[in-house]
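The structure is given below, and queries will be raised subsequently.
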Amino acid sequence: MDFKGADILTTKQFSREDLEKIMGVARGLEKYALKQETSELLKGYVMASLFYEPSTRTRFSFETAMNRLGGKVITAVGMEFSSLYKGETLHDTGKMMENYVDVIAMRHPEKGSVDEVARAAEVPVINAGDGPGQHPTQALLDLYTIYVEQGKVDGLKIALSGDLKYGRTVHSLCVLLGHYDVELVFVAPEELKMPEKITNYLDEHGVKYTETEDFDGAIRDGVDVLYCTRIQKERFTDKSEYERLKSVFVLDKAKAMTGKSDMTIMHPLPRVGEIAEDVDELAGAAYFRQARNGIAVRMALLAMVLGKV
Amino acid sequence: MDFKGADILTTKQFSREDLEKIMGVARGLEKYALKQETSELLKGYVMASLFYEPSTRTRFSFETAMNRLGGKVITAVGMEFSSLYKGETLHDTGKMMENYVDVIAMRHPEKGSVDEVARAAEVPVINAGDGPGQHPTQALLDLYTIYVEQGKVDGLKIALSGDLKYGRTVHSLCVLLGHYDVELVFVAPEELKMPEKITNYLDEHGVKYTETEDFDGAIRDGVDVLYCTRIQKERFTDKSEYERLKSVFVLDKAKAMTGKSDMTIMHPLPRVGEIAEDVDELAGAAYFRQARNGIAVRMALLAMVLGKV
Amino acid sequence: MDFKGADILTTKQFSREDLEKIMGVARGLEKYALKQETSELLKGYVMASLFYEPSTRTRFSFETAMNRLGGKVITAVGMEFSSLYKGETLHDTGKMMENYVDVIAMRHPEKGSVDEVARAAEVPVINAGDGPGQHPTQALLDLYTIYVEQGKVDGLKIALSGDLKYGRTVHSLCVLLGHYDVELVFVAPEELKMPEKITNYLDEHGVKYTETEDFDGAIRDGVDVLYCTRIQKERFTDKSEYERLKSVFVLDKAKAMTGKSDMTIMHPLPRVGEIAEDVDELAGAAYFRQARNGIAVRMALLAMVLGKV
């Protein structure tokens, strides 16, 4: 795809070539994300940070990316949109915003809402999460983290664990991994299995995967990457089943050390007990670096859609 | 008036010469508002964006203006002011803010509140709307839009339609148009007629106006500018009367095309059905450009009160 | 202490030498705080402004300091943290934030919370108030104000009046004044006397102090500095006692003029009647300058912890 002027709306819009390009640009901009050098690449550009639903983490990542490339940011969060909501269509919001800024990063609780703004606005729109819909920059930073931590993506054995049924991040990551020669291991209780729409997609793309409920066994069997997610109580009708599983799907240092010595441990964060703090000491504990990688990846997307690389 | 260091509080403070000056400066800065060039005119200056009442649209317009001229912004919105409210007088808020910033853009739900801050603060204060009071920058961008779209203001026939009784924007625009040789047509149902304080003002300024309830007829009769506003349900005791009028005062493409071929169509936005989306296709549909013009006009005011032009 | 990379968490961490250093740097940066010159000293640096509890005044002071030294700011306030709260530990918040920014200014309603983030984050953290805990930058700007207004600190007679029992600012200021050769006068009703932990601290540091309930007398007796604070109704079980004292502890111009002609009058603001507006006319009325001094002091701290002075 031609990135200049493009909207970034879904993981499904990328070819493998696109993914390689994004990761390459992110790699090149990483020195600014790591605060080793300063940049004025996006000087004179303004980004609107429209977070109809608060997400301080994602918002800060976008705003840091823009700021560290020399750009500026105008922000609106949460409640404040009451006034915008007041009867205005998302179409009109898009037409309005294109006057103000050069690029829009937008999060909204309703699926499809970001697409609607993107259709109306002539400036590029980046989806920062539209409820149960897409969150493409999260998937891109996950892929980038695998690439940076392991030095490659092809040939890896990657386990995704926890809530694979409802977990938006693991679904989106699978869409991207469909372009690679990887072996996937889905580790989830029966109630939270990976849905067919994802396994079908992987079948079509010729990606091999296995399914198991045995978290400890999956680690012991040796995977290159372990991507953990949270199991949420509200998903279970049988609460005692939840209590049992909650403790099974907890990674601590001892358990992590039964896996490959260079196993990369990932998590979209925030974690709430799924990964014990003693895991932080391990060289493979990549979840904070993963969050940090979001800055380089968002820098890359901003620079690319603004036609500055 | 001498703009350097001045407060911008009300449409009544401007002479025709002042208006011409603001529009001239706005014209000169428009290339920055249109993102064609970047500017550092206000580098080193900081604006406080104090929105006691959220208005994302107006706030973004001010902040974009400041940012695109190289200035910086500190922002506080809505709820957050609970702490400031905590017993502090607006006088003290003004004395406090003058320490922090070079200029203040302020919106507040209470009439007269912005004046109070302006009296206390030594730095210029720009009224971004004080409840039922004034919203001078809106009127200035409306006037500027007429000027830019039609190439002049004198000699034009301008229709204002909808809720002329309570509509703050149409009242403020009339105050500015009082300085021009224009012919006004007030198109409103009996319940929402232009109040006497405005018609008296126009009489004093020798501005001709006619009044009608016939929206379609006013368009067919041929006006250069049609400024639409919303009719709000809560204004009516007889709700069936509201239902009848609501559909009468809707502009669609077919209706718009019965008017002059170069008729400029304006609206303060947000629209909620008063202008159908098919009107957007017309060359004269100026409402999104009107919103965009707010940036150039606010740039002009900021630069002028800071003494940079 | 070595300021580069250091956290600023409590007034207790400073030696007299540290205090002199901060005040010296603040003095040097004051021209930027006073908007007389612009600076790019912190260009390329980004500060996170994390205000879990809104405090527009303190936040604006930090953000103005950062902006006027050429740095950038990303901000999150109040409600928005709901998402961060969602189970994430302050430890993880610190680990997350260190990726985004170069320095953190943080306010939080719970004592010790800022320390927790500081322990986790590798970047410097500045405590902007942790509930009933510490608010070191307020104490530093108070000390700096005394120094600037009176030209020295040693040798001064300083009265602290109002709610000395619960007033966080007066306690913190006492900790700093413990390093100086000053004479203190505590002016408070019996119910709101300075607590022993502070008087013991002063005893240990050899600082002389006297205690009185006579507000008028203390002024007449002649003090170089009068630091007023508010008496809050909720502190009293006997509300009639509150009503009596409230009016006693009010400073007006006439009363102020019974004191030393060059008496410096301070207040942490906001004031709610404790200082009448006619006091503002006096040359010694320093409370708005005191607020302004917060910018220079915070500039100094930011520049020092970032290793730029």
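To keep things simple, chains are lettered A, B and C as they appear, and every chain counts its residues starting from 1.
The working rule: a contact is a pair of C-beta atoms (placed from the backbone, for glycine too) under 8 Å apart; a residue touches a chain by one contact, two chains touch by 3 or more.
Every value quoted in this text rests on a predicted model; they were computed, and no experiment measured them.
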Line, ring, star, complete or other: which one describes how these chains touch? complete
Type of chain A:chain B copy interface by residue overlap (half), same or different: different
Could you tell me the distance, in whole angstrom, between the mean C-alpha positions of chain A and chain B? 41
Could you list the positions in chain A whose residues touch two or more of the other chains? 75, 79
Contacts from chain A onto chain B in the complex sit at residues 43-44, 46, 48, 72, 74-76, 79-84, 86-88, 91-92, 95-97, 99-102
Which of the residues in chain A end up touching chain C in this complex? 35, 38, 54-57, 59-61, 63-64, 67-68, 73, 75, 77-79, 269-272, 277, 288, 291-292, 295
